[in-house]
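Next, two complexes with chain A in common: one pairs it with chain B, the other with chain C.
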Partner chain A sequence: MRLRPRLRGLRARLVAASALVAMLSVGAAVWAAAASASRSLVDSYERQVVRSTVDQVSAVAPTLTYPPDQESLDRAAGAVGPDAVVTFRDRRSAAEARTALVTDALRGAVRTGDGVVTQRVRVPEGAWLVVGVPVLATAPDGSARPSGVEVFVVQDLAEVQDQLDRMTRTVVATTAVTLPVAVLLALAAAGTVLRPVRRLRDTATRIAAGDLQARSEPRGADELADLTRTVNGMADAVQDSVTRLQRLQTDARRFAADVSHELRTPLSTLSAVVEVLDDAVDDLDEDARESARLAVAETARLVRLVEDLMEVARFDAGTARLQLDRLDVVEAVRRTLHARGWLGEVDLRVPAPDAQVWAVLDGRRLDVIVANLVGNALTHGARPVLVEVRSEADDVVVVVRDSGPGLSADALEHAFDRFSKGDPARSRGDGTGARPTPGSGLGLSLAWESAVLHGGVLTGDNDPEAGARFTLRLPRAGAGS
Partner chain B sequence: MASVLLIEDDAMLRRGMQLALSRHGHDVRVAGTGEEGLAAIETSRPEIVVLDLMLPGIDGVEVCRRIRRVDDLPVVMVTARGDDFDVVGGLEAGADDYVVKPVQPTVLDARIRAVLRRSVSSGEGVRAHGELRIDTTSLTVTLQGHVVPMTPIELRLLLTLSAAPGRVFTRQQLLEEVWDHDYLGDSRLVDNSVRRLRTKVEPDPASPVFVQTVRGFGYRFGPV
Partner chain C sequence: MSGVRAAAVLGALLLAGCSIPSTGVTGAGQAPTGVAPGPTLYFLDDDGDLQPRVRETGSLGTVADAVQLLLVGPGGSGSRTGIAETSVTRVVVTTSPERVTLRVPLAPTDVTAAGVDQIVCTAWASHVQHGGSPRATVVIDFTIPTARSARPRTCPLAPEP
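Let's turn to the complex of A and B:
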C-alpha cells in the first residue's frame, strides 16, 4: 500500500539517479578501455604474425627456383607453415582448407603493391588473419623486385578472440558489480540528505499536532540547515502568537467568570428585596406597581443570565463535572415539562404509556437541556410541539420538534454559538414584562456543551415534514463508559 | 416561624435577606463574621443557621465544623459557587442542605422549612432494631439505651428508611421525601447525611448494618 508512493519518493529518485550515473560512467570508462585494449591486442598479434611470416618467407625464398614448379611451391608452403599457401601466377601450392580465405582481391593487392598486405576475415566459423607477402627476387643490378611468387598465411584469430571475450566478460561483470555498490553508496548519500528532511518533517508533524515546543536542531551549514532554522523561526512565531492568544482568551474568560461571580452577591440582595417589593405591589400606585414588576422580572432575567455565565465559565475552565444518577428519562422529561407548566402544551411521545428509559445522567443538566429545547420550540416555533423520548441501541434519544417553518441554513449553522444571532431566544423581551425570563442567548450553546460532557451529541435540523427539530442523544451507560 | 441566625459578611445581602426571610415569617438575627456567628449561637440559641461559606476570618466551613462539634443545630449553607469544592467541603463539615447564589428567598425559605421539619408520615410507635430504638412519637432515637442527638434531617432520613426495612430507596426518592427537594436535588446531600447518620447509629460505621448501601441504586434499612 505504501510501496507506490515510496517508489516515487525522494529517496527512490535519488538512488535511481545516482545508480544510473554510476553505471553509465563505469560502463563508458570500462568499455573505452576494453575497446582500446582489444585494438592494441589485435594489432600486436597481427604485427607478430606478419613478422614471423616475413622471416619464414625470407628463409624460404633463397631455396626457390625460378620459375618454381608445383613441387617447389608445395615445399615452400610446407616450410612456411601448415596454414600457408604459395602461389606463382596461376599455380599454387597444395590447397589447405583455409586457403579458400585468400581472396582474389587480396592476391591482387599483394601483386600490385610492394609490401605485406593483411586482411582480417570473419566467417561463421571464426575470425582469421590472412597475411600476404610477395617474395622478392634480387636482380643482377642488386635491386629487388617481385618475383611473382607470393606467400599467404592464414592465421586463426580464435585465441585472440578468446582473450577479447574474456575481457568483455570482465567488463560486463565489473559493470554489474558496480550496480549494487552504486546503489549502496547512493542510499548512504540519500540518507545523509534525507535524515534532516525526515527530522524536519517529524518536527512539522508534531507542531501540527499541537506540540508548539517541537524544534529541529540545525546541523551543518547547508541549505537543509538553513531550512531547519527557517522552520524553527516559524515555529517560534506561531508559538508566540498562540501563547498570546491563549493568554488573551484566558484573561477574557477569567474576567467573565470573575464578573459573574462578583454579580452573585448583589443579585442575591436584589432578588431578596424585589421579592419584598413584589409582595407589597398591591399597595402601590400604578406606575410604582409596574416599576416593581419590571424590577422583579429583570432581576429574574439577570439571575438566569449570571447562572448561565457561570456554567459557561465552568465549561471554559474545564471544571464542569457531571452529577451522575441513574434515572428514568421518560419520568425526568415529564417532570421537566410539568415543573414549567408545559405538560398540556406539548405532545409527549414515549415508547409505551408506562415505558421507562433508564440512563445514567446528570439530572439537573438534562432538565436544563430539555427545558431549553422545549422553551425555544414553544416561544419561537409553531405549535404543536412534539417531544419524543426513545431508546436506541446504547443511547437515549430526546427529540424536540415544532411545527413552524423551520430554521434557515444560517440559523442552523450558528444555532449552538454563544449569543448566537440565530438563536431567537436572544431577542429581548417587549419591555412590558410579559415574558418574564427571556433566554440569555446561551441556552442552546450550554445545552450542546452539556450533551458533549455526557459523551453525547445535540444536533439541529429541519424535519422534512414540519418545523425545526433538535435531537439529543446521550449514552445510557453514562459518560465515558 | 423559626428563629434563624444568618451569618453573612455582605451588609447589603445580610439586610436584604433579613427583610425577605422576615417577610416569610421568620425571626431573623444576623452576624457579619464567623466569630460573631458562633457567639450569637451561644447567646440567642437559634433553631437554624444560614451560613455563607465565604467569610472573612474563620470561613463558613470551619464555622459549620465547630457548630457540629458541640451541637446538632441545623445548618443551611450559602455558597457563591456551585462548584464541587465548596459544596463538598460544606457538606462534609456537616451542613444539612445548601443554596447557591444568587439566592432566591423563596427557595431559601423552603429549604429552611424542610431542614427544620421533624414530622414524618410514617406510623407511630416504637421500632426496635437490635439495640437501636426509634420512637416515632417522641421522635427520639436511642442506641444501647443512650439518646442519639440528631439533626431533623438525620432523624427523618432514619425514620424514612426504617419505616420500610429492606426496601431500597434511590437517592432521588430520599431527596424528595427527606429534603423536600424537587426532582433535581443533589444526591451528595444524601451520601453525606447517610455518612453522618452511620457514625451516630452504627456500631461500626465502616460495615453498617442499619443503613446499607445498595450499589448503583441507593440505600435501604437492614435487614437487621
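Let's turn to the complex of A and C:
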C-alpha cells in the first residue's frame, strides 16, 4: 500500500510498466522454452529406458526356461537390471524394487499384452518412471500370445528432475538479471520523455512569473515537440495581448496626465478671475448674482477634479511619494473638520478630551482622506455623522459613520472603483439652499490608494446599528517600518 | 502490489512447468518375444514330408542351438532325417531381420533336398520365434560351396507372402 502514492509519478509509472513488460516477456519466452525442453528431456530419457529394457528382455527371453521357475525369474530380473521385477502368474523375482508404484491400470495394460507401456508416477519423494513389458511367446507360424511372463522396471527420475531444476534456476537467475537492465533502460526512456516535459514546465513557470519572453526549443518531431510548439504559440499570443493592453493602458494614463497638466495653467487663470468675480458678486443684480455663484462653485469643483486626476496619474505612474511627519492624529482630524466648517456638523469622538494620538503620516494625504470620508457621509448619508479616532496596538484607526440607510451590496463592492458614483438611493444633498458640489468620483479611490501607500487599509461596510461605515487603519510607525 | 503478485504467479508457473507430472498409461512400442518350452525342429515322416516337433529343452535357445540339435539327429523318436550324421555340429549363425545366414559343417553332398528344407525350416522357425520376420530367407554356407548352394531359400511350410 505504501507503493501507491509513489507510483503516481510519470517516471515511476513508466519504469514500472517497462520492467513489468520486460519480466513478463522474458518469463513467458523462457517458460515456454523451459517447458518444451523439459518435455523433450523427459521423453528422451523415457525412450532410452524403454529401449534398453526391451533389448535386455529380448536378449534374456530365449534363455528363459518356460514355464519359468523361481530361479530363472531371479536370473532374468538380474539380467534386465537392478530396478526390474519379473513375474509369472503368482511368482515374482525376489530382488527388491518399488513395485508399490506399479498402478493397477499399468498392470492391466501389461496383462492384455498388446505392447510395452509406460507411466510416470509422482509421489512426495519424487517422480518415477514405470515400464511394463509383457513377454510374448511366438509360434513358428508367426502367431504371438502373451506368455504370462511380465517385466516391470521402476526407474527413479531424480536425475532428470535435477537437470530440470538446474534449468529452472538458470531461468529464474536470467529473469532476475533482466530486471535491473530493464529498469535502467526504462529510466533512460523515461528521461527522454520527461526532460522535455520538465523544460516545458520551467518555461511555463517563467511565463507565469511574468517573463513573457520565455520559450522552449522544440526538439525532434514527436508529440512532445508538438506540445512545445503549441505552448510557444500560446505564449506568443499571450505576450501580444499583454503588450497591446499595456500600451493601451499607458496611452490612456499618459493622456489623463497630459490633459490634467495642460488644464492646470488655464484653470489657475480662471480661478483668479472667478475670485475677482466672487468679490464683486454683491454689486450684481439677483439673476447675475446667482450665475456668478454657480460659476464660482463649478470652477472650484473643476480645480479639485484636475487635482484629483493629477494625483491619480501620480499613483499610476508610481511617482506618488509620502511626505511623512510626526503628528497628532486627533489634532489633524480636528483641523480638517474645522477647515471645512464641519466641526459643528459631526460628532467627533476621541479616547479622552485632551487625548493625543501620535503617528508618522503624510499630513496632507490624511487631510484628503478624512475630508473625503466625512464629505461623503455628510453629502450622501444621513446625520448624525460620527467621526472616531482611536489607537489600536500599532495602528491608528479613524472611523467615519453616518446614520443613513447604508450601502447596497453592489455599491460596497464598487465603492473604491474610480469614477464610482455611489448609490443612487443615497440622498444627494438636501436639494435646496447651498447646493452641494458633487464629487469627482475619484475621492474614495484616491483615499484607498493613499491608505495603501501608507501601508494601511481602508475598508467600507455597514454598521448593523446605523448606516455606512468606513474604517481607515494606518500604521503609527510610518509606511514600511 | 499487482506487479509483485504477477511475479509470484509467474514464478509458480515456471516452477510448475519444470517439474515432472504424473501421466496415464501410454504405449511405448512392441512387446519382446522369445519364450518357448524349446526349439521347433523339422524332421521327415515315413512319407518324406516335413514334420515340426518341439524339442523340450526348457528354453527357446538360439538359432544355432536349434540347428545343432537338428544335426544331432532325431534320436529314438521314430522320425527320419535327410542329413548325414556328423560328429561336428558347430553352426555359426548371422542374423538380420530379413535374412538368416548359417555356416554348417556339411558339404552339399551330405544333405538331401529334403534335408536342406529341414535346416532352412528349423532356422526360420527359430528366427520367427525370436521375433524375426516370417518372410525372412535363409542362406546356407556349406563347407564346399557350389554355384547354387548359397542362394537364399525359404521354408516350404512358411506362410505365402
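The definition used in the following text is that the second predicted complex is superposed on the first by the 416 of 481 C-alpha atoms of A that agree within 3 Å, B and C clash if a C-alpha of one lies under 4 Å from a C-alpha of the other, contacts with A are read in each partner's own complex, and residues count from 1 in each chain.
Going forward, a residue touches a chain if its C-beta (ideal position, glycine included) is under 8 Å from a C-beta of that chain, and two chains touch if they have at least 3 such contacts.
Predicted, not measured: the structure shown is a model, and the values here were computed from it.
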Exercise for the section: Could you let me know whether more residues of chain A are touched by chain B or by chain C? Expected result: C
Practice task
Identify the partner contact of A:211: answer first if only chain B is touched, second if only chain C is, both if each is, neither if none is.
Solution key: neither
Practice task
Look at A:159 in the shared chain and tell me whether it touches chain B only, chain C only, both, or neither; answer first, second, both or neither.
Solution key: neither
Practice task
Please work out whether A:57 is in contact with chain B alone, chain C alone, both, or neither, and reply first, second, both or neither.
Solution key: second
Exercise for the section: Have a look at where A:46 lands relative to chain B and chain C in the superposition and call it first, second, both or neither. Expected result: second
Exercise for the section: Go through the superposed model and pick first if A:222 touches only chain B, second if only chain C, both, or neither. Expected result: neither
Exercise for the section: Figure out whether A:202 sits in contact with chain B (first) or chain C (second), or with both, or with neither. Expected result: neither
Problem - Shared chain A surface residues [contacts with chain B and with chain C] - result: none
Practice task
Name, in rising order, each residue of chain A that touches chain C in their complex.
Solution key: 1, 3-4, 16, 19-20, 23-24, 27, 30-31, 34-35, 38, 42, 46-47, 50, 54, 57-58, 61-68, 103, 105-106, 109, 113-122, 127, 131, 133-142, 144, 147, 149, 157, 160-161, 164-165, 167-168, 171-172
Completion exercise
Per the touch rule, the chain A residues reaching chain B in their complex are 261, 263-273, 275-276, 279, 303, 306-307, 310, 314, 319, 321, 323, 325-327, 332, 335, 339, 363-364, 367
Fill in the blank from the handout: Within their complex, chain C touches chain A through residues 1, 3, 6-7, 10-11, 13-15, 17-37, 40, 52, 58-62, 124-125, 128-131, 134, 159
Handout entry: chain B - residues contacting chain A, complex
Key = 10, 12-13, 15-17, 19-20, 23, 80-84, 101-106, 170-172, 182-184, 186-188, 216-217
